[in-house]
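Got a structure here, written out as structure tokens. Questions coming.
Labels A, B and C are assigned to the chains in the order they are written; within every chain, residues are numbered from 1.
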Amino acid sequence: MLASTLDFVRRFARNRGALVGFVLVLTVIGVALAAPWMFPRNPLRIVGRPEIWPFTSWRYPLGTDSLGRDIAAMLAYGARTTLLIGLFASLTATVIGIGVGATAAYLGGWVDEVLMRCTELFQTIPNLIFVLTIVAILGQKIEYVTIAVGIVTWTPIARLTRAEFLSLRDREFVQACRAMGMGNFRIMLGEILPNALPPVIVLSSLVIAGAVLFESAVSFLGLGDPNVSSWGRLIGDGRTLIRTSWYICAVPGLAIMLTVLALNLVGDGLNDALNPKLRDR
Amino acid sequence: MAPELAPRPAPILALDQLQVSLFTRRGVLPAVDGLSLTVAPGETLAIVGESGCGKSLAALAVMRLLPEPPAKIVGGAVRFMGRDLAALSEREMQRVRGRDISMIFQDPMTSLNPVTTVGAQLVEAIRRHTDVAHGEAVNRAVELLRRVRIPDAERRLTDYPHQMSGGMSQRVMIAMAIACGPKLLIADEPTTALDVTVQAQILELMKELQATSEMGLIIITHDLGVVAEIADRVVVMYAGRKVEEAPVEALFERSLHPYTRGLLGATPSASRRRGGRLVDIAGSVPGLAELPAGCAFQNRCPDVFDRCRAERPMLAPLLPRRSAACFGAEKELSRDAAIVGA
Amino acid sequence: MPLLSVLSLCVRYNSAKGIVRAVDDVSFDVEAGETLGLVGESGCGKSTLGKAIMRLVPACNGLVVLDGQDITRLQGRTLKSARQTMQMIFQDPYGSLNPRHDVGTIVGQPLSVAGWSRRDIRDRVTELMEKVGLPAEAVRRYPHEFSGGQRQRVGIARALALSPKIIICDEPVSALDVSVRAQVINLLKDLQQATGVSYLFISHDLSVVEHICDRLIVMYLGRIVESGRSEEVWQQPAHPYTQALLAAAPVADPRFARSRTRRLLQGELPSPLDPPAGCAFSTRCPLARERCRQEKPVLRAIQSGRKVACHYDLIEQSAAEPLAVSAAG
């Protein structure tokens, strides 16, 4: 076990981009965790003069927005929102996706047909509009945004899981398990799933990035939770001042871009590390 | 070239101490280590060995089709009709491939382009090297298909590869390979993926084509039965090195190298003794990164002695037109010579 | 009573273009302690037959009787206990072992499924590893750390776990190097001598089958065309297809190979979607006559222990006209 974990870490580290991405993600996590210490008071409070440019004042290193709120504080707390939503939305999507994909592939027949039609249904509904609709129905709270994003992003995971299961189902080692009398459930969970997981994990990490973007879009449109600070919301609030104090949009925009990029790089690295064909290259 | 070769026509291909290395994370591996061989016009040379012995890489090196990042020719010469192919530029090499030297591969299903018709691929092969109009090329394509004994040749031109069986696709591959009358055809495991009756047909076809054209044929295989059916001379490779070379009958009658003897003993049709134990060669082929000093075969050889572990045996012409890289064989033969009558 | 009896087994499956009769009315027996070879080229149905006997693919007709018990339509727990008598070894050493489990787990799986205790499993696994010639500490290693031949040994150890009476070997050595093949074949023979297990040995390689099998069955397009003792079939084939197979098989003896005159089988296998009416081999048979094209031959006994499905089998021909027919090899 230890040897294979070290092996995994080594393979991951060989990809320079993945290492950079990993460091960036750790930084974001670090900032998110440290936010209450760095900025002990409510980030949505008005603390100073509005529209102070970044790097011009020691007290407000990233400047202030149109109402005089500290951008650095809002960015730090926004990191928490972003990560939480990204993580939980991806988790929701992964659980639904694996469940649907595995069941469809292993049971086949009409179950497969029905589940695949459902998947297609979810895929054809325009994603952003669907998210907005769910948030509009359920309400503007961070939990509902998370659920909405999760519901919209599970389809690629389901398709991938199903494809992996289908190809693994006919492999000889699965037939060997059937030949010894192993039950279906045990084969699915114990034999097929561990082999199907690696590409699904990679996809899940990319889904986190997608969730971040969705959440930003929702908050940008002002339909997110009004009590939390989020990066998308920052951009949305800065919309009106984009000609003069464009930094209010640019700074959180840059943060989103770097985070999504970092997640994609980590996803690449995971792919290299988990993909056995690249061994000994 | 080895001095024991009696005056024969000039070889079309002469490999001279060819060295191909694989540059991997674990270091530089000598995948082909000092391979020398010749092929005369009209002759069939078989290169025999198990997986990992370097036979396919040697063939790809001749065609300059090595996968460049890990593999590279690092030494030796590949002389085709006097020219060193290793020194040619890619453009010059493209003129050689398909026209002077052709190659066919193991799995015809993956060697043919699945999205274009067989006719289109044949015509393309013809027009690449000969300056003919499209109509004339189509006629030649039909001729070629007939020559490789595909029934209903005209209709087959519009078939796609997936509509053909394995045997038929391999015939198409052969047709493409001989389209421009090459002097040398390299066949890498051409029948391994085929059924036995189809295999026999394809081998028969290759022999026929060769008989009418003085084309040299190199056949790479792990199957000693195929070697016995079709080869004139045999080169045996192990772990990247050539360990024995002999005319085919001599090789089967009395092989000099213990590895060759082991292979023959492990082949059921060669042992011709029903129910007896097959000779199995203990152990397995050492990985290229773990080759021992001295003879590569030492850990599996039933007749190993000290010198084998200390020194690497070089190929020596032990008998007329035969060579082997084995100290044991040398000792045995010099003893025989002493007995026979020095 | 034979250990395994297959009676009129049929396996059909639907493809996009129609119904394919992969196995068509196949009947044979395997006795305890014997090795029966199943030979044929691609499309003959031998692999499908092996899987149907193992109940991995459904049979649409016919019976499989194992050790006196009809297992053709068993389900659930009864099927599971029947499975302990019969196991399978697969062709691809790289695909037949789960890459995520260590070798000890893999070999112990049949025992775990059968409900053995952990300690008993551990002991039995050690015993099995030794039987197949693998070092005991290898149980903690993963399949990718082993060579093809060693993986095949792991597969054999797994198949032996519950001491089955018969093992179906589906091309067990085709994907291995020549020298490794010999090791595995010798191992299979040794195990048979030590435990008395029977083998149903499926292969396309005639020389291997002839070496290891006591009796053999030749299949073509889903039907049996000939069966009998190995040396008898080898020396004097009764069915023209068997003769063609033997003629085509390369022989590792250059003098013999080049001096023999043989007639090679021409043409292609007919599409299984549209098999010929009458005898399936009639489209390629050098001796085909009118009756062959219209009437399907039945598998009939011609001598003790030999059966052939041919209207004008070669033995009958050579008895009637001893000089006119050229025998194989």
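Please note the rule applied: a residue touches a chain if its C-beta (ideal position, glycine included) is under 8 Å from a C-beta of that chain, and two chains touch if they have at least 3 such contacts.
Keep in mind the model is a prediction, meaning the values are calculated, not measured.
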Measuring between mean CA coordinates, which chain is farthest from chain C?
-> A
Dominant chain pairing [most C-beta pairs in contact] = B-C
Hey, how far is the Cα centre of chain B from the one of chain C, in Å?
-> 32
Measuring from the mean C-alpha position of chain A to the mean C-alpha position of chain B, what distance in angstrom results?
-> 53
Contact footprint of chain C on chain B as seen in their complex | 50-51, 165-168, 195-201, 203-204, 222-229, 231, 248-249, 252, 262-272, 274-275, 277-281, 284-285
Given the complex with chain B, which residues does chain C contribute to the contact?
-> 41-42, 147, 149-150, 177-183, 185-186, 189, 204-208, 210-211, 230-231, 244-245, 247-258, 264-266, 268-269
Contacting residues of chain A [partner chain C, same complex] = 4, 171-173, 175-182, 186, 191, 194-195, 276, 279
Could you pull out which chain C residues touch chain A in their complex?
-> 51, 54, 56, 79-81, 83-84, 87-88, 90-92, 95-100, 109-110, 113-114, 142, 144, 155, 158, 162
